[in-house]
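Heads up, there are several structures right after this.
In what follows, chain A forms one complex with chain B and a second complex with chain C.
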Partner chain A sequence: MIFTDPLFLFVFLPIVLITFYTISHFAGKNAALIVLFVSSIIFYIPHSWFSVALLIIALIVNFVIALAITFMDDEDKRRKRLYLAGQAYNFLSLCYFKYKIVSLLFGPSGGVLVDIAGIAIPAGISFYTFHQAAFLADAYGREKNVLQFLGKLSSPKAMVSAFCRYGAFVSFFPQLIIGPITYLSEFNPQIQSKRFLRLNPIDLAVGLTFIAIGMFKKVVIADNLAPTVDVVFSAANVGAEIHPVQAWIGALAYMGQLYFDFSGYSDMALGLARMFGLRYPINFFSPFKANGIIDYYRRWHMTLTRVIARFLYTPLSVAGTRYAMFNRLAPIPAHLLSLWIPMLVNFQIIGIWHGALWTFVVFGLMHGFWFALETEVRASKWYRNFSKDKNRLFIGFLERAVFFLPLLLSLAMFRSESVAGGFHLFSQMFGTSFDAPSAFNMRYPVMMLGIAFSIIYLCPNSVELMRRYRPAIMTYDNKSYGPAFLRRLWRPGWVQAAYMSVLVLAALYYVSRQPPFLYQGF
Partner chain B sequence: MSDPQAILEQVTQIIRDLFDEYDGPVTMETTADDVAQWDSLSHVRLMVMIEMELGVHFSTSEMQGFKNLGDLVNAAAKQKG
Partner chain C sequence: MTKPDNASPVAPSASRNARRQSLKSIRWKAARPMLFAAVLISVLYLALAALVIAVDPHNVYRWGAEPRIEAGDTPRDLVIDWIDVAAKDPSYNTFLVGSSITAMYTPEYMREILGPDTNAANLSYGGPRPIDRDLVLDRLVDNPAVKRVILTYDWTYMEGADVANRGFPTFLYDDDITNDLRMVNPPTIRRTFDILRGKTTYSNPDDAGYDAYIENMYARFQSPPELSRIKRMVERNRTGITQSSGKTCDSFTALNEQLIPDLQKLSARGAQVDILFPIVSYAFYYVRRNDISPTLLDEQMVARRCLVNAVADLPNVSIFALDNDPTVAGDLANYREVGHIYNPAILRRFMMAIKNGSDRVTRENIAEYEEEIRTAVKDYDPNRDYTDLRLVVPDL
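Right, the complex of A and B next:
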């Protein structure tokens, strides 16, 4: 199911909410978490039975290994082996099913293996794999929440309960398919709290508001930018001549579409979870208002950034820095080992995490080089001296002016159907095909772009709007940018209800079209 | 456990060398936000310099988990015994 499906919103969600609060009232926390687990599996069934089976096997493997390594002694050599085996299972199954490694290696003669790998990519596999890999790492590192979360395992019944709790943690439907990728240290304290399970009207109000905002972003803005994006990128892929203005509109429209699609989804995820009294980590905090690529990644898909930085970039950078400093390397090789190589690997993984396409590889290279370069520039004496006595407003505008174009181009490459198509689009944006035939009527897309970018640069983001009610767990501490006088606060009341009704009515008007969420494909 | 104050003094020296433009106070409460030059790259360098100087070893999760210099100094003091 997807969140904008009326069957989900008007049938599934109310039934699960009523069952959850009723069961929790009569049968307590464990039963309520079983309701979340079972309903999440039901939510997942329409994606395919095979995906359900794969998810349940992954849950069992990770749960059993987490259990074993939690109760083994640190001195036991099998503990590390078992942990590595668990992570190998997670990442090999991700590579196998997502990247079709078997079909690539063995071609069509691989028999049964190719048949299994050839099926559609199981929905959400990139997200729940990272989610469970982080959990397993926490169990291995003896994170204090793990023991409390597993509880006393004195009987088979307690064991089943603990498994269902784990199932609810990983597969809870608001975050199963597209994240946010959550840590146990964020989930466990909430379910241990006395306030969990208490039906609180403000949770429902905040949750519904997030759902209204998210639906509007996805269905009204992102989906209305989509047709323009499709026309321009298909034309670029076949090498057609495109009028420069239309090429720019296409690239800008995709920037808007990607943001409103994914952040709309993330708002809905926060809202859905909040209706069950749970807060999740924030994934977006006005990324396009960022002052550079470093700031951007603290605001864009933050839960992916932090999990990859934790498990990949930081260990690589620490190892590189240790090597460079112990061996007293010269500054250039030292920087290569401690920054450039870890950064390029980090962004290559972020790129191909989205799928096995060359466009993602090029995107990863662009962002890797850019991030490392910006880190060097910002750390340089020259830049610090340059920015020291300048007006903050001037520096802010300058940084954003430098930031915008590479971001636009790299996101266009990300969307392109081929690398050649991406470069062709760039050539048309900066080209002179002023006599190319018009590919679409520009009035409507330009109006949608005007709305989208006004919201992006002028409006508070949904978390700022709702900040009186602690709407999300802050993944990074980010500054609020944008005009302060427009940074309104949401309070339950008739005025806000009227605004939200407009958003919902507009979304319902468009909802019948139902294109899928972009990030569902990753 | 080694004296945290003595370790803080050693750490202060390293911070003065690495962040040569910073001349504010260095205390147990100092964080990366207080020092303009202290970004994620120089954080890793600082950790490794402290490891080399004090003869301690931090895991990457420890390095990411220190909330302020006090956390770091106490972790180092604990290791030095």
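Right, the complex of A and C next:
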């Protein structure tokens, strides 16, 4: 199921909500969490039975290993081995089922791994794998929430109960397919709270508002930009001559499509969780308003950024710094080891996380170099002096002007069907094919782009709009940009209800011709 | 002596409860508009969905009103919602499954040429792709009343078997009933209420609009600046026009996995299948290699050869082509776009070919046909004047 499917919105969600609050009222927290777990599995079934089986196996493996390493002594050497085996299971299954690296990157000549090309990528595998990897790391690190979360496991019933709690934590449907990747330290305190399970109408109102906004973003804006994107990128892939204006419109339309697709999903995920009384970490906070790539990654897919930083960048950077210190390396090699190489590896993994395609590799390289370069520039004396003397507004505009073009080009590469297609699109954007045949009628796409970018740059994001109700857990402390006078506060009321109804009705109008979320494929 | 404060352990709890109650009522009051709107939209949507599914205006279920297409109507792009309405109607025995290239054929026109026993429905729609076209053909395969299927074999069969037209409502025609709620949109609701009011036949209101659209398109295409632009594109794309694609018959999954099995079933059932190679202009291969494939000509020729060889032994299956006639495919005056024929005489000639069995492409002459097209495209001169050559149009 996908969130914008009427079956989900008008049948599945109301049934699960009613069951959840009824069961929680009569049978308590564990039973309510079992409802969440079972309903999440039902939600996942349409993606394929194979995917469901894989998810349940992954849950069992991680749960059993987490139990074992939680109750083993630190001195026990098997503890570390078991932990590493668990993580190996997670990442090898991810590589095996999702990336198909051997067959996709290097062609179908990968020997025993060739068969993997025949298996469809299980939906959400990278999200629930990272989710569980973080949980295992917490269990290994004896994070205090783990023990509390698992509870006393004195009987088989308690064991089953703990497994269902774990199942609900990992597979809860608002975040199962596209995240956010949640830590137990964010989930557990909420379910331990007395407020959890108490039906709060404000939670429902806030959740419904998020759902309405998210649905509008996805179905009305992103999906209406999609046809233009498809035309331009498929033309670029076959090396077509494209009118420069249309090439720019195509690249900008993809920027808008990706933004509203992911933003719409993220809003809906927050809203759905909130309807069950849960707050999830923010995954998306006006990333195109960022003043540079560093700021961008604190606003775009924030939970992925922090997981990758936790598991990859930080250990690599620490190891590089230690190596440089112990070996007394010169400043430049030391800097390379502690910053540039970890950064490039970090972004390469972020790129490849989206799939085993060379375009993602190039995207990762572009962002890796850009991030490291911006880190250097911002740390330089020259930049600090330069920015100190100038008007903040001027600096803000300058930074965004510098940020926009590389972002546009890197996202165009990200969307391209091949690296050659990506570079061909760049050549058309900056080319002179004014004689090229028109690939599409421009009036509608230009209007949609106007609407999309006005919303992106002028309107507050949904978390800012709903900030009065603490709609989510702040993943990073981000500044609010954009015109302050437009940053209104949402309150439940008849006018707001009318606005939300208009958004939902507009989305329902388009929903019958609606493709799935882009990030569902990652 | 002070009075013992017996109330103190109780009072805070009571006031807390009162505060909690008051907070609760404030919250409910505040959330009421949003909840009301959500419930209203949900109830309305589900009620409309129940009504639509019960009435079944697209005739996708076994129950419902079983609406019909008005005799002689051509639904054109609206047809994507009406496939089952036509395909399940036992009074139709001839179906045209094509694209925008064949959308202008009306049922009367087909009957006039193919004979009075022909009761035709035109299921052509813009931009078909393998998945949706396969769904349409599957419906015809399942319909025992079908006597003849006319279909176009265009470049979209070069695409993978998993490619679908983005706007095609596959949810209506797949086996998954859970996604059928998505059919609840304004046109379907309007149609449902029309049926409830007693109007159980479909009619397409866009005939005049369609004709105007075709005329405008033709006028625009025939304008000197547009023709000059096409000519410039032909010259620019001349290098490599005959380039080999390296494709073999195995490369065309939509052909092998979808079309051929359907043709085999139709043929085995005794239905006549007439396949048309679209009459695209020679300029088409130059202009569209820009956005379809750099080796468009070779891929098209290989795909056509594969089809001809695959169906050569199937009874009742014939393939027709007119584009090896330079007076047809070489003269841009016949077109409203490089891939869309306009000239009514040629449209007529196409139907006549089906009726008379002329202009057939078979295993025996496919090599010759292919060579003619390849040579004609390679040597194509967009400036050539065709007025000295007479376009042959057979009489009825």
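Throughout what follows, the second predicted complex is superposed on the first by the 505 of 522 C-alpha atoms of A that agree within 3 Å, B and C clash if a C-alpha of one lies under 4 Å from a C-alpha of the other, contacts with A are read in each partner's own complex, and residues count from 1 in each chain.
Heads up, the rule we're going with is that a residue touches a chain if its C-beta (ideal position, glycine included) is under 8 Å from a C-beta of that chain, and two chains touch if they have at least 3 such contacts.
Remember, predicted model here, so these are calculated numbers, not experimental data.
K.L.:
Have a look at where A:Met325 lands relative to chain B and chain C in the superposition and call it first, second, both or neither.
P.N.:
In the superposed model, A:Met325 contacts chain B only, not chain C.
K.L.:
What is the contact status of A:Ile45 with respect to chain B (first) and chain C (second): first, second, both, or neither?
P.N.:
A:Ile45 contacts neither chain B nor chain C.
K.L.:
Which partner does A:Trp494 contact after superposing on A: first (chain B), second (chain C), both, neither?
P.N.:
Once the two structures are laid over each other on A, A:Trp494 reaches chain C alone.
K.L.:
State whether A:Leu458 touches chain B only (first), chain C only (second), both chains, or neither.
P.N.:
neither
K.L.:
Which chain makes contact with more of the residues of chain A, chain B or else chain C?
P.N.:
Of chain B and chain C, C contacts more residues of chain A.
K.L.:
A:Val64 contacts which: chain B (first), chain C (second), both, neither?
P.N.:
neither
K.L.:
Have a look at where A:Ile202 lands relative to chain B and chain C in the superposition and call it first, second, both or neither.
P.N.:
In the superposition, A:Ile202 contacts chain C only.
K.L.:
Under the contact rule defined above, give the chain A residues that sit at the interface with chain B and also at the interface with chain C.
P.N.:
On chain A, the chain B and chain C contacts do not overlap at all.
K.L.:
Report the residues of chain C in contact with chain A in the complex, numbered from low to high.
P.N.:
27-28, 30-38, 40-42, 45-46, 49, 166-167, 169, 171, 176, 178-179, 181-186, 188, 229, 232-233, 236, 287, 290-294
K.L.:
Quick one: which bits of chain A touch chain C in the complex? Just the residue numbers, please.
P.N.:
Per the stated touch rule, the residues are 5-7, 9-11, 14, 46, 200-202, 204-205, 208-209, 226-227, 230, 234-235, 238-241, 435-437, 439, 491-494, 496-498, 500-501, 504-505, 508-509, 511-515.
K.L.:
Under the definition above, what is the set of chain B residues touching chain A in their complex?
P.N.:
21, 36-37, 39-42, 44-45, 47-49, 51-52, 60-61, 63-64
K.L.:
Along chain A, where are the residues that touch chain B in the complex?
P.N.:
It comes out as residues 141, 310, 314-315, 317-318, 321-322, 325-326, 338-339, 375, 378-379, 384.
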